[in-house]
Every structure is written in structure tokens, then in C-alpha cells.
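Next come two complexes, and both contain chain A; in the first it sits with chain B, in the second with chain C.
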Partner chain A sequence: MQKQSGMRKRTRVQALIGMGYIAPSFILMMTFNVIPIFLSIYYSFTKFNMVSAPSWIGLENYQKLFTNKALGDALHNTLIYVLITVPAQTILALIIAAFLAEHLKNRFGSLLRSTIFIPVIVSLIASATVWNIMYEPKGGLINQFLGLFGAGPVNFLGSKVNALPSVAAVAIWKNTGYYMVIYYAGIMGVSSEIREAAVVDGAGSFQRFWYITLPVLQPITYMIVTLGIIGSFQVFDLVYKMTGGGPGRSTYTIAYMIYSYAFQDKRIGYACALAVCLLIVILLIHAVQTLCFKERD
Partner chain B sequence: MKQKVTPFVVLGTVLITLFAILCLTPLIYMIAVSFTDSESLYISISDLRFSFDNFVYAIVKRNFGRALVNSIITVVGSCLLVDIASSMAAYGFEKKPVPGKEVLFQGYLATMMIPGQVVLIPMFVMINRAGLTNTYAALILPMVGAFGIFLMRQFMVGVPNELLEAAEIDGCGEVRRFVTIVIPLVQPALITLTIFTFNAAWNNFLWPLIINTRSDMHVLPVTMATLSSNSTTNYGMVMAGATLTFLFPFILYVFLQSSSWRASPSAA
Partner chain C sequence: MKRFVSMLLVAALLLSCLSFAVADGKKSLTIWIPQYQFSKDENAISDKDFWEGQLAEFSAENDVDVNVEILPWGDYNTTIYTGLLNNDGPDVVYVTDNYDLVQNDLLLGLDSYLTEEEKDNYLLWNLSPVNAAGEHVIVPMDDGVAVGYYNKDILAEAGIDAMPEEWDAFIEACKEIKDKTGKQGFLQNWGATTGTSALMLAFWPYYFQAGGEMLDENGEIAINNEAGLATLNFLKKLYDEGIFDETIVAETESIDKFANGELAFVVGDLNKGSSFTGNGVNWEYFFSLKGPKGYGARTATDSFAVASKSKERGTDELAVKALTIITSGKVMDAFHEQIFFLPRFTKDSTYTNNPKYDELTGAHTDDIYVVSEFEGKASFEKALQSNIQMMFMGDLTPEEVLSETMEYYQDQIKQ
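Now for the complex of A and B:
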């Protein structure tokens, strides 16, 4: 009896000590990650400009939102942007990683890997600055290059048609290396015995890729596509620095729209309604993806 | 496995090498322009001069010096805070019988799916109310997140309970056990977390842009962004700023690459 209560007391003390360890990050997580979600939902039902207290207006923000033509444009541009960047960066990363892991397992291969990763460490704002100058219609590096073949000059960021793909190209340049490294680690994790057995069985390079590497990599692909979609949906830095949403509204994205309503127009409630919509869209994508990948198993 | 040289392998190698060159070109261009004093973009090799005029100008006249200091303070503070808070939390979650801890942990993981813009606006309102705008605390405190706690917990699993119990019997106190036994055992994970935090804090843009509006509290990407809106033609100076922003993560990257190279000579 005595011993048991001693044990219980010990457990209680240990639990208290445990809470002590968890407490600092708990306070920060609650303050900056959890409570703001609920505050955002609350603000989305209010009229709030940071100066006076928020006043409850029910669904008015959402009603206004759905009649706002800019939202349609922002949604359209964001989707196009996701549809350009995610497949391109995922497929490029997969092909490069598979090739390097299969055929270039030497010093040159690892040099290529390190090199392709370098754009990942460049900040988005610095990338945008450099590419802005490279895209210059008069004398930018790319138009100088095109000029060698008598082509161009192309107006990359100033034209409504070219602006969004030009911004997306920078994202692909920056992201491919990151996903390539994840894929590479995944392929190296596929036991080399399996692959060697396939070689012995006479499976060619493409067959091995299609029937062994690709199926084994499915969980990684799932993660990479999810990360890619969520990341691309929130594109802000590149748009802010490269085009400011223009020309017209041709690169106006949801994240940029939230920023301009909240911090330029100080319409906090309205911006929060928009943010809640973004949250719902991302959760929906996540749910659909989970279902799709479950079904295929 | 012996590697055969087929036309397919040659073609693939050439294409990937071209892609790698494409990856580097903007950065080489950036560094090249930062060393010219040309205000036109038609630069030739003869315009290149190894003077640091553009860098000096950016640092002294364009606030890059102050921004560099701010960035370094923010990054160091963020790495320390995230490392300490995450490893403490991970230890509590993995090794202590805290009631309801699994539910809380799942809740933490769910926050990783929330897009930044959703929490940004209320965070801005709260930091404003607390009077913490234009402080380092405003930049550092929100860096703690579920990712770090998750990562550290993965490694805490590998810390043997027997070792902790043996140390306790030997009279090693709670805090000493954590600092002298647990922390050294999870060191590889701490290094990974430090790299991630370094990158996140160094490249963070939107939050510092809205919360620290005074120019003496700007960090590098914010200074970078405000720069070219008011001076569009001085390309050399703009590129010098971009080079400065790129330099520190790059040094860290090269350092880690070379040390991992030494650690695993069998990689070839």
C-alpha cells in the first residue's frame, strides 16, 4: 500500500516536471499558432480597422467577398500558379533524383546535387530582385541571350500574358533542388538489394524506374505534392517584389490580396474572411488528396 | 553495381549539367553585377572591377549595415529559442507521464497545415496591443512551431530510458540529466533544427515587413525589398545587397557540405 502511493506520488511529480518542460513552447504555440486561428474566424464576422474595437456584422464580409470581382481573379491566378509550379518542380525533381541515384553515383553526381540545391538557400526577396533585373526588357540577361539568336526582346513582367508564368519560373528554379534532395534520400532508402535483383532479372533502366522506384516513392510524392500545393497557394514574396500583383490584376494572388486588404487598407475583418476562405480551400485540398491516395492503395 | 556508359547516360548527364548551370547563372550574374560600377545592364567583362564600392555604398548609405546586424541578432535569437524550447517540449512529451499529452501533440501537428496568412493578422493585432512592434522579440518569439517539436521528438524516442533511470539512481538531478545526457544524445537533430531555423529566420519576409516598420529595425529581405522601389537604376548596388543577403546562408551551406563530406568519405 505504502509503496503504491509512493509510486503514484512519484508519477504525479514526474507529470508536473513534464509540464514544466512543455510549458515554454506551449505558451508560445498557443499565443502564435492556436489562438490566432480562432481570432481570425472571430474577426471575419466583424468590422475592424485596428483603431476602434471590432463590431459584429455577421456574414457581411463573406457576402461582400463573393461579389468582389478581384477574388475571382486572385483565385484563378493562384490556381494557375499552382498548376504551373507543382507539376514542374515535382517531375523535374523526380527525374533528376532518379537519374543521379541510378547512373551518377560519383563525385560529379554529388557536385551536381549540391549545385542544384543552391537556389534553395537564396531568400525569395533576393531571388526576386535578381530575376527582376534578368527579366528587364532592355538589356536584361535573358533578353541579351535571346538577342544572340535575333529573338525578342520579350517583355516578361510587363505583359499580362507573360507575368504569371515568369513569376512561376522563379519558383520552379528555387524549389526543384529542395524536392530533388528529398527524392534522392528516398531513392537511396529503397534497398539497393531490390534494385540489384531487378538488374539481375534483366529489368531495364526505365522498367526499374517505373515498376520499382516510382511505387516505392509514393509516400514521398504525396508529401512533396502536398507541401508544394500548400506552399504555392501562399505565394507572396515573389509577387510582392516582382510585380506587385500587376500588370492589371494578372499576378494578383490570394495571399497578396489578404496582405493588401489587411495592411494597406486596414480592413482587418474583411481580410480575415479572406484568410478563412484560404484555410477552407487548403483543408479541402488536403482532404481530397488524402482520399485519393487512400483509394489507390 | 558497375555503371555502364550508354548514350542515354551521356545525354542525361549533359542535360542535368545544363540544368545545374541554369541554377547557378542568376547567382553568378548577381555577383558579377555587384562588382561593376555600370549603371547600364549591358555589362561586359571589362566593366568588372574588384572594388567593393557597391557593397560599401549599400552598407553605409542604404541601411544594409543595420539590417545585417538585425538579421544576425534575429537569427541567433531564433535558433537559441527554438532549439531550447523544442528540445524541452520533446523531452516532456516523450519521457514524462503528462496527462493528455498525445492529444496536445496531435493538435500541434494539425497547426502545421494552417497557412501563415490565417494567423498573421491576429498576431499583428496582438503584438501591436502588447507594444512589441519594432522589437527583436516580435521577430523571434513566433519562430517556435510544431515542426521543431515534432522533429526533436522523433529523436527523443532513441534516448534509452534505462540510461536516464541509471543516472537518477546515481543521484543525477532532473536538470542535469536533461542537459548532460539527453541534449548530447539528440545533437544531430539539434543541428538539423538549427539549419532549418536559420533559413526560416534569415529569409522571413512578410512578418518582419508588417511588424517592424521602423527602418532601424528592418532585416535584410525587408531592406532589400524597399531598396529598388526608390532607386531603380543603380543595379550594382542592388545586386550587392542581394549578394550580402545570400552570403551568410551560403557560407553555412558550404561549411556543412564540406563537413558532411569529411564525415562520410564513402559517399562516392
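Now for the complex of A and C:
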């Protein structure tokens, strides 16, 4: 009896110690992640400008939002942007990682890996500025290059057809290195025995990739696609620096709208309603994605 | 040993308490000003050193710690808005867009703190907005008129003897320049990151030249009128006639192009002349083009103000005193000489950088307009910029630009 109570006491002490360990990160997460979500939902039903107390206006912000023509454009552009960037950066990262792991496990491969990773550590605004110069229709590096083959000049950022893909291309260039490193680590984790057995069975490198590497990497792909979708839905800085949402509204995105309403107009309630809509769209897409991956499992 | 360590700890504690007490006894004043020193000369004085130097005497006389913080221009308006909400925010602040600050009573009414003589010294005091109590809340500065520049050599090469001022003559001259020299006549920056940046040089001056007024009798933005249409038709004609090409909607450094001698005309801030001269451009000023209703140029009035919160902190009187020193002719003359040239905005100021510029603007005092502040200005200007870009791309007519922008303002921006 005494032994049992001693054990219970020890368990309680251990639990307390455990709670002590997680408390700092728990408090930080609650303060900066969880509580703001609920606050945003509350503000979305209010008129709030950060100065006077929020006043409850019910669904007015949402009603206004659904008649906002710019929202349709922003949603359309954001979806197109996600559809361009996520598959491209995921597939590119996978191909590069597989190629490096299969054929370049040497110093040159390491150098190449580091080189591809460099864009990840470069400041986004600096990258956007350099790409803006490279995209210049007159004298820009890319158009000069195209000129060598008698093509161009292409108006990359000043045409409503080209602007969004041009911004997306910069995002792909920026993100591929990061996902490539994750894939590379995943591929290196694939048991060498399985690969060797496949070689003995006469599997070629494409078959090894398709039947062994790819299935093993499925959890990583799931994570990369999820991160990619969330990151792409939040695209703001590249658009802000490279096109300012234009030409017209051809690169106007939801995150850019949120910024504009919240921080330029100080209409926090309206911006929060928009942010809640974005949250719902991301959750829906994430649910569909989870279902797809589960079905494949 | 233990006793010695304990004594040391107690002594340290007492000393820190003492220093807190001293610090508590002395008031402190925080001043927020954006960066204005852009000179690449390594001997140029920094903004912080300049302001600390100018306020050193004030600090000693009033026994106050003056904390000058130099802020970057990026998102400056948002930074000061949140700063002015904060109890630890600035006491004296440089203000750009003041509409939200005034509406939300974040700026201190100055009338009761300033003498009649002091108010009279401010040349643009009548442009200062008033708060709910009817008190003026800012000291407006004159940021200078955006003027036109032309490249005399390009005009001569194209056989143009005099600056073409009328809108139609200007378009014809640009076409002639392109035909005879292969150089571009005129360029605007319709791809600027914010609507405000695009419109201040590429739309509002022409709207004023067309006789437009920004606000209606209720203080609301109203551009759906004859002047708005005339302005858009002029801009569209610049595009249709090939003066602008399809790159007009992407960000363009038109000033750089003019400085490189690639452009015949440009509109820019008044302090660009020296860089043009430095690049060997043979240039001359013009006040503005002449629209259907005459000349019209845009000026900006950034300002200095005191935070309402300073009253709660008990630093309001000191803050206003600091404000009067900062905006005094003596300090501003030094600022204009050592940091950045702007026109004078007080009667006691004597500094003039460029007599030619003074002469030019002096002859057109009635043709200088201020871009008004109004509710949701940033979003409105962004919407107008986007719709004008769509006009260039053939998606909207000038009439549709006006109606869609105003509709958007009524439905989405106005609260």
C-alpha cells in the first residue's frame, strides 16, 4: 500500500517536472499561435482600428468581403500561384535530391548541394530586387540571354499573363534548395540493403527510384507539400516587392490584401475576416490533401 | 569570504536602486524621425548625430534625456501608428499620413501650448488639420513641389526650341523626339509598389492641371468628374500614341533613365537636379505641364507633431518645447544645409538652396496643390493604380476606371 502511494507520488512529481519542461514552449505557442487565432476570429466580427475598443458588427465584414471584386481576383491568383509553385518546387527538389544521392555522392555533389541551397539563405527582398533587374524588358539579363537565340524581349512583370508565373518562378528558385535538402536526407535514410537487393534483382536506376525511393519518401512528400501549400498561400513579400499586386490585379494575392487592409488602412476587423477565410481555405485544402495521401496508403 | 561576497551583493543592489532613483528623477523624451541623410560622402553627418547635436542644449537646459531614434522609411506610417498607441512610444514624431492619427486622437492639440507668435511663424499652419476639440495637431513642413525636368540636348537634337507645356503639344513633342532621336520622351512609374507612390507623380499633378478637386463638401474623395476623365484620357493618349509602351505597368526608375540621358522629360522631387548635373545631363526645370485648366503641381506636407500620450506621461510641455526647437528656422536651416534640402516652412528661416527653383515656384504659388488626406487613402490609391494599369492593358475604359474605383471606395473602403 505504502509502495503504491510512493509510486503515485513519484509519478505526480515526474508529471510536474514534465510540465515544467514543456511550459515555456507551451506558453509561447499559446501566446503567439493559438490565442491570436481566436482573437482574429473574434475581431473578424468587429469594427476595430487598434485605437478604440472593438465594436461588434456581426457578419458585416463577411458580407462586405463576399461582394469585394478584388477578393475573387486575389483568391484566383493565390490558387494559381499555389498550383505553379508547389508541384514545381516539390518535383524539382525530388529530382535533384535523387540525382545527387544516386550519381553524385562526392565532393562535387556536396558543392552542388550547397550551391542549390544558397537561395534559401539569401534575403527575400534582396532576391526580389535582383530578379526585378534580371526581368527588365530592356537590358535585363534574361532578355539578353533570350536575345542570343533571337527570342524576346519578354515583358515579364509588366504583362498580366507573365507576371504571376514570373513571381512564382522566383519562389521556386528560392524554395527548391530547402526541400531538396529534406528529400536528400530522406533518400540517404533508405536502407542500402533494399537498394542493393534491387540492384541484384536487376532493377535499373529509374525502377529503384520509382518502386523503392518514392514510396519510402511518401511521409516526407506529404510534409513538403503541406509546407509548400501553406507557404504559397501566404505569399506576400515577393509580390509586394516585385509587382505591388499588378499589373492591374494580376498578382494581387490574399496575403497582400490582408496586409493592405490591416496595416495601411488600419481596418483590423475586415482584415481579420479575410484572414479567417484564408485559414478556412487552407484547412479545406489540407483536409483534401490528407484524404488523398491516406487513400494512397 | 561568504560575508564579503554577501556585502558585495548588497552594495551592488543598493547602487542599482540608487541609479534607478536618479533615472526616475530625470525625465526623458523620445523623438522619432525618419532617415533623411542619403549622402554617400563619408564625412556627411548622420541623422542621429545631427539631431542629438541640435537638441543637446535643450537637453541640458531642461535636465531631460533626449532619445532620438532614426527610423527607416519602409512602412513608416504603420510604425508610427503603432508607436503612438504605445505607452512607451515617441513624444515628438515626424508624421507622413496624418488622417488616421487625427481621427483616432493620437496627436496632441497644439494651440494651447503655442504662442500666437510661434503659430504665425509657421508658413503652412493653415494646412494643419484640427482634432475634435478644434486644435491644430501638426506643424506642416513644405516637402517641395514635384517639378518637371527636361534634357536640353535631347530637345535640341529633335529640333524643339521651347518646352512644350500644353498637354497635346507635349505628346507631339514626345513623338517627335522618338522619331528624330530614337530616345524616349516621357515615362512614369505605374508599377510602383504602392498606389500612393504611383499616383503622387503620375496622376495627381495632371488631375490638378485639369482643374480637379480631391474632396467633396463632405470631405470624401471624389474623382469621378470631368477632371478625372480628362486626366485619364491624357494618360491613355500617352499610351496609345506610343509614348509609353507595355512596360509602363512594371516598376520603372524614370529618374535614373533621365539621369543617364535616355529620357527627355521627367517629373521628380526638386532635389534631383544636382544628381543630373553630376551625370553630365544638360537639364532645365519646368514648373508643370498646362492642362485644360492651367498649371498644377503637387506638393507634400509631411509634418512634426507631439503624441497625445505625452500628456499622460507628463512630458507634453517638454515635447512641445522640443517641437518648436526642431521646427525653428535655425535648426531647419542647419538641417537643410547638412542633411537634406527642402524649402523653408517658417518665417524665421533664411536658407535657400536654389534661387532658380524658388523663382519658379514663387511665380506659381496659386498652382501648387496638396494631396489631401481621407479615409482609406492607401487602399483607394491602390485600387485607382490597379484600374489605371488595367486601362493601359485595354481591360477598362477611362470611364470604367473612374466608376469602378469610386464603386470600390463606396462598397469596400468607406466605413
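Definition applied: the second predicted complex is superposed on the first by the 267 of 297 C-alpha atoms of A that agree within 3 Å, B and C clash if a C-alpha of one lies under 4 Å from a C-alpha of the other, contacts with A are read in each partner's own complex, and residues count from 1 in each chain.
As a convention for this text, contacts are C-beta pairs under 8 Å (C-beta built on N, C-alpha and C of every residue); 3 or more make two chains touch, one makes a residue touch a chain.
Not measured: the values here are computed from a predicted model.
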Inset, instruction - Return first, second, both or neither, reflecting whether A:50 touches chain B, chain C, both chains, or no partner chain. - result: both
Inset, instruction - Scan A:263 for contacts with chain B and chain C and give back first, second, both or neither. - result: both
Inset, instruction - Pick one for A:11: touches chain B only (first), chain C only (second), both, or neither. - result: first
Legend entry - Partner chain(s) touched by A:241 [first = chain B, second = chain C, both, neither]: both
Inset, instruction - Check whether A:132 is in contact with chain B, with chain C, with both or with neither, and answer first, second, both or neither. - result: both
Legend entry - Touched partner set for A:177, first chain B, second chain C, both or neither: first
Legend entry - chain C versus chain B, contacts on chain A by residue: B
Inset, instruction - Return first, second, both or neither, reflecting whether A:99 touches chain B, chain C, both chains, or no partner chain. - result: first
Inset, instruction - Look at A:118 in the shared chain and tell me whether it touches chain B only, chain C only, both, or neither; answer first, second, both or neither. - result: first
Inset, instruction - For chain A, give the residues common to its interface with chain B and its interface with chain C. - result: 50, 132, 138, 240-241, 263
Legend entry - Parts of chain A lying in touch with chain C, wherever the complex brings them together: 47, 49-52, 64, 67-70, 132, 137-138, 155-160, 240-241, 243-249, 252, 260-261, 263-267
Legend entry - Contact footprint of chain B on chain A as seen in their complex: 11, 14-15, 17-22, 24-26, 28-29, 31-37, 39-40, 43, 50, 92, 96, 99-100, 103-108, 110, 112, 114-119, 121-127, 129-134, 136, 138-141, 144, 173, 176-177, 192, 195-196, 199, 205, 230, 233-234, 236-237, 240-241, 254-255, 258-259, 262-263, 268, 271-272, 275-276, 278-279, 282-283, 286
Legend entry - Touching residues on chain B, where the partner in the complex is chain A: 1, 3, 8-9, 12-13, 16-17, 19-20, 22-27, 29-30, 33, 40-42, 84-86, 88-89, 91-93, 95-99, 101, 104, 107-108, 111, 113-126, 128, 141-142, 144-146, 149, 174, 178, 199, 202-203, 205-206, 210, 220-222, 224-225, 227-228, 235, 238-239, 241-242, 245-246, 249-250, 253, 257, 267-268
Inset, instruction - Provide the residue numbers of chain C that touch chain A in the complex, in ascending order. - result: 75, 77-78, 81-82, 85, 100, 104-106, 190-194, 246-251, 376, 378-379, 382-383, 385-387, 389-390, 392-393, 395, 408, 411-413, 415
